[in-house]
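Structures for review follow.
Two complexes are shown next, each including chain A; its partner changes from chain B in the first to chain C in the second.
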Partner chain A sequence: MPLLDIQHLRIEFVQGRKRLVALDDVSLAIDPEEVLGVVGESGAGKSLTAMSVIGLLNPPATVTRGQITIDGRRSDNLTDRQLRRIRGKIVGAVFQESLTSLNPLYTIGRQLVQTICVHSDLTARAARGRAVDLLAEFGLSTPERQLDAYPHQLSGGMRQRVVIALAVCANPRLLIADEPTTALDVSTQAQILAVLRRLRREYRTAIMLITHDMGVIAEMADRVAVMYAGRIVEDAPVREVVAHPQHPYTAALIGAIPRLRRQVGRLTRIDGAMPPLSALPRGCAFHPRCPKAFARCREERPPMLSSGGGRAACWLFDGNG
Partner chain B sequence: MLAFVAQRIAQTGLVMLTVAFVAFAMFHFIGDPINNMVSQDATAEQREQVRRHLGLDDPFPLQFAYFISNAVHGDFGVSYRLSLPVGALIAERLPATLELVFVAASIALLVGMPLGVYTGLYRRGVVSRLLLGLTLVGISLPTFLTGLILILIFSLWLGWLPSFGRGEVVDLGIWSTGFLTASGRRALVLPSITLALFQLALITRLVRAGMLEVLGSDYIRFARARGLPNRLVLFGHALKNTLVPVMTNVGLQIGALIAFAIITETVFQWPGMGLLFLQAIRFADIPVMAAYLMLTALLFGVINLAVDLLYGAIDPRVRGESSHHKGS
Partner chain C sequence: MAMGEGECTPATKPVNRPLIRVRDLACHFVASPPPLIRLLQRRRRSLLKAVDGVSFDIARGTTFSVVGESGCGKSTIARLLVGLLPPTRGRIEFDGVDITGDRARRNARALRRRMQIIFQDATASLDPRWRVSAIVGEPIRAFRLADGHERTERVSTLLSAVGLDPNDGNRYPHQFSSGQRQRVSIARALAGNPDFIVCDEPTSSLDVSVQAQILNLLKDLQTRLGLTYLFISHNMAVVSYVSDEIAVMYLGRFCEVAATQELLRSPRHPYTRMLLETIPDIDAPGVRRPPIGGEAPSAIDTPSDCCAFHPRCPFADDRCRRERPALRPAGPAQVACHAVEENRIG
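And then the complex of A and B:
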């Protein structure tokens, strides 16, 4: 049984009579201990999908269709109070901006102790010990002293480690990491990825890794879901995706990763831009930019079809699987 | 932190010096003070003698230095109109104004902040919308009108509260207080509400705006995402962050209360500094005006200094302790 199961999720921005479909018919699942990479351009719906899992969509975004099941239990119809038992305890979440994710007025020790105490019966003293252990584990030197530091006194990489420690201090079974390395420099990025790998190895935490960086995905994920304009266009094991991308959009993304040991002189480029939600074209949303588009692509929207080792939403695979 | 405090105090001192200069310059640019002291038919020689006697022929910087040194000792000269030492006049009026401002500021803060938090949290509620509408009225109504309406209702129609004066006061050394007698407290009610109303409405709106901004911030979302209970998110994390920007404005507003007090004191014939100042203007009583100017500036300066220090106490970023132990 998957740990997280999203079925036919639809999210709309409802403002008065105007409705904008931001996410449509998104289905994806994460097994226990699995790392699912979610890739796509900004605005493709990656973060919306993640936020809906922990019930933290900002109004006016609302789930209007579909269902979300966490650990065998429906979560999309829960009250805020019930969702609180899921947040942090079953599903942890880390956001992109580590500086703004921490309350600037409290020391990181206070924020850690508070969060640990909310999720356990530990005394403040014991919680402090646990906080030190967590920070040490995630590679902060002199964690004892760092507890008294304020967020602005730490470097970006250190802050992101604190943020991850905060998100996983109650041992959640799934960690949603929304662009956890985007704001960091390359070497710090590698360190944070190492922290995530460690989480998975030692705590058996499943991870939903959201990024627009195909390179990070190739390095970290077991399986990849590629999103485009509010839909999933390909869902396949990472090895398949990197070696034999099925959907033309995925192929273009893979072609755009620079590689050191490759003879091909040119990186591919995807012409045009992702259409805004208010002006999605008929048929497949990618067809205006697709080099392989044909008549049917302009008329009908493709469903997910089996192809290669996974599934892709493309008419190219109609009838061959 | 110590450097921060020292810097703020030095800045306040500089501001005071500038204000003192303006106050001092008034003596020279609004008529010749000698004219007020000698009889109309005094000879030029006599005038020169008085001038020399008073030190008014000293170089300008020296005169300014005397003025500052006297002002620091509370000596602002003698009122032209009342022929009494200005220091004593002000000391007599100051308690009335400060008590009025203190009560008004307390009302504005103790009512305005909770209303701001409430309207920020339940921004779609009917009660919130109603309160917001009322704050708009509170901001738009001129103070004298508020005062007159209150007098009409509570003094004339209902006869519950006095419409003018301070009631009985009790002298505690140099301070005369109205807090200790029933009539003094009753006399405070209408003027302090009148004075507080505008600030109350403003603080409500400021706190509400701050609350809305903080509630949309990343750290509040992250606090929710790690399962912290609502109460802790709102009162532990959101409220304190709201206070930081709101505090600056509130400090300025309390300073403004002292200025607004002039109108309220006029409407309620409150024997405070504002009334004294208005009379001083009418008679070009420059020593009183200069002293009032400097005292108001001092109060403003002290309030802002207090706000800055409070700021430092609440927000670690202001204290300037960067790179406390950086590097990993």
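And then the complex of A and C:
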């Protein structure tokens, strides 16, 4: 049984009298101990998917269809109080901007101890010990001293590790990491990725890793879901996606990435940009930019069809099983 | 070197003279509090050496890139080259003319037309209350290159050259996507017919597919117009796609300068190696990277009598802690490292 199971999720925004469909028919599953990469360009709906899992959607956005099951229980219709029992214990979350995830007025020690106490029966002193252990495990030098520091006194990489410690201090079974390394330098990014790898190895945490960086996905994930304009267009094992991308969008996306070890004369060009939610085209949302589009793509929206080692939402794979 | 085609006119200029020549360029900022407070708190003067003695040449029609992590001083170099910051010391020559001295002021106008800059954040570098045609037309007006109908015509040509519709000139910056806005700032940079464009992280805030459009556009423009680029980025893969030569920068100094293929194939400086090893690579799925210790130190009050990288370097020895390495030839590259010089690295 998958740890997280999202079925036909649809999220709408109400904007004045208009209703915008931000996410449509998104289905994904994450098995225990699995790392799922979610990749896509800005506005594709990656973060929205993550937010809906932990019940953090902001009021104008609402789930209008579909269901989310975490660890065998429906989570999309829970009250705040019930959600609080899932957050931290079953699902932890880390976001890109570590400075906004921490309270600037409290030392990081106080924030860690408080969070650990909420989720366990530890005394404050024992919780402090656990906080030190966690930070040490994540490669922070002199963790005792860092506990007395305020968030602004730490570097971006150190802060992000503190935020991960906060997210995993109650041993959640699933960690949602939304662009956890995006604003960081490569050497700092490597440290954060090492922490995520450790979580997976030592604590058997499943991870939903959201990023726009295909390199990070290739290195960390078992499986990838590629999103475009609020839908999943491809869902397949990482190696498959990198070596034999099925959906034309995935193929173009991979061709557009400058690569260190495979120099090309020219990057693949995808003309135009992802359409805004208010102007989604009929049929497949990618068809205006797709080099392989044909009549049916302009009329009907393709469902997920099996192709290669995974599934892709593209009419090219209709009927070839 | 990179351009083979389109050599219709035999070189009238001395081709072997680099377009840009930079010698011992430095830019220091005072990082201490105001004098009175500093006196009361008995603190010493502290200096942030953003750029501390870099030298390089850029040949005509080629791209020279500076790559490094945040705070290494790469954007300061960009600003120094186009005169947005005064250097603390050093010399910048543009087409054989010193542009740092006092005498340079007299022909500053003519020189400025020939050098332009593109910034990372196109939204912040375009006036939100100006129509795009006015933004792109401004350099043409300021440098008195064309007037009236001719100017309108030129703006249209420029917009088409960067892949926009000439009618887009009537719109305002906020009506464009971020990729299109970056095209507008490229059109503006081209408006004065420059020889040299500084690109300061031009694609860092763009999505991959849009980044590819902009990188391809910059390359096409270079081939068509014979432009020379100084390209600044933190992204090694992007840099490797556009550059002829790459300088790797760490805390205000170059640690390695080499031709692109050479740098990628045989990185020599330990920092270059570390950078290349730690970049997650789509062509090596599931690879485990060696962990890197330490944090990048701050550029404030860095000691000048040791290698800045030694606290994080696995090959550091006594000499690295005592003596600052200078950039020296190592094979076809230039490397500032004692360990490389002494052949201590395998």
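Structural remarks
Convention: the second predicted complex is superposed on the first by the 316 of 321 C-alpha atoms of A that agree within 3 Å, B and C clash if a C-alpha of one lies under 4 Å from a C-alpha of the other, contacts with A are read in each partner's own complex, and residues count from 1 in each chain.
The working rule: contacts are C-beta pairs under 8 Å (C-beta built on N, C-alpha and C of every residue); 3 or more make two chains touch, one makes a residue touch a chain.
From a predicted model like this one, the values you see are computed outputs, not experimental measurements.
Taken together in the superposed arrangement on chain A, chain B and chain C fit without clashing. In the superposition on chain A, contact is made by A:139 with both chain B and chain C.
In the superposed pair of complexes, A:218 makes contact with chain C only, with no contact to chain B. Judged by the touch definition given at the top, the superposed model places A:85 against chain B, while chain C stays out of reach. Of the two partner chains placed by superposition, only chain C is touched by A:270; chain B is not. With both structures placed on the common chain, the touch criterion links A:105 to chain B but leaves chain C unconnected. Of the two partner chains, neither chain B nor chain C is touched by A:77. By the touch criterion defined above, A:306 lies against neither chain B nor chain C after alignment on the C-alpha atoms of chain A.
Residue contacts after overlaying the shared chain place A:155 against chain B and chain C alike. Distance between chain B and chain C in the overlay is 5 Å (nearest C-alpha pair, rounded to whole angstrom).
Applying the stated touch rule to the two superposed structures, the overlap between the chain B and chain C interfaces on chain A comprises residues 139, 155, 157-158. Looking at the complex, you find that chain A touches chain C at residues 41-42, 139, 155, 157-158, 185-191, 193-194, 197, 212-216, 218-220, 238-239, 242, 252-264, 266-271, 273-274.
Interface of chain C with chain A (complex): residues 69-70, 177, 179-180, 207-213, 215-216, 219, 234-238, 240-241, 261, 264, 274-276, 278-289, 291-292, 295-296.
Remark: chain B residues 216-219, 221-230, 232, 236-237, 240-241, 244, 314-317, 321-328 touch chain A in the complex. Chain A meets chain B in the complex at residues 54, 56, 58, 80, 84-89, 92-93, 95, 97, 100-106, 114-115, 118-119, 139-142, 145-146, 149-150, 152-155, 157-158, 163, 166-167, 169-170.
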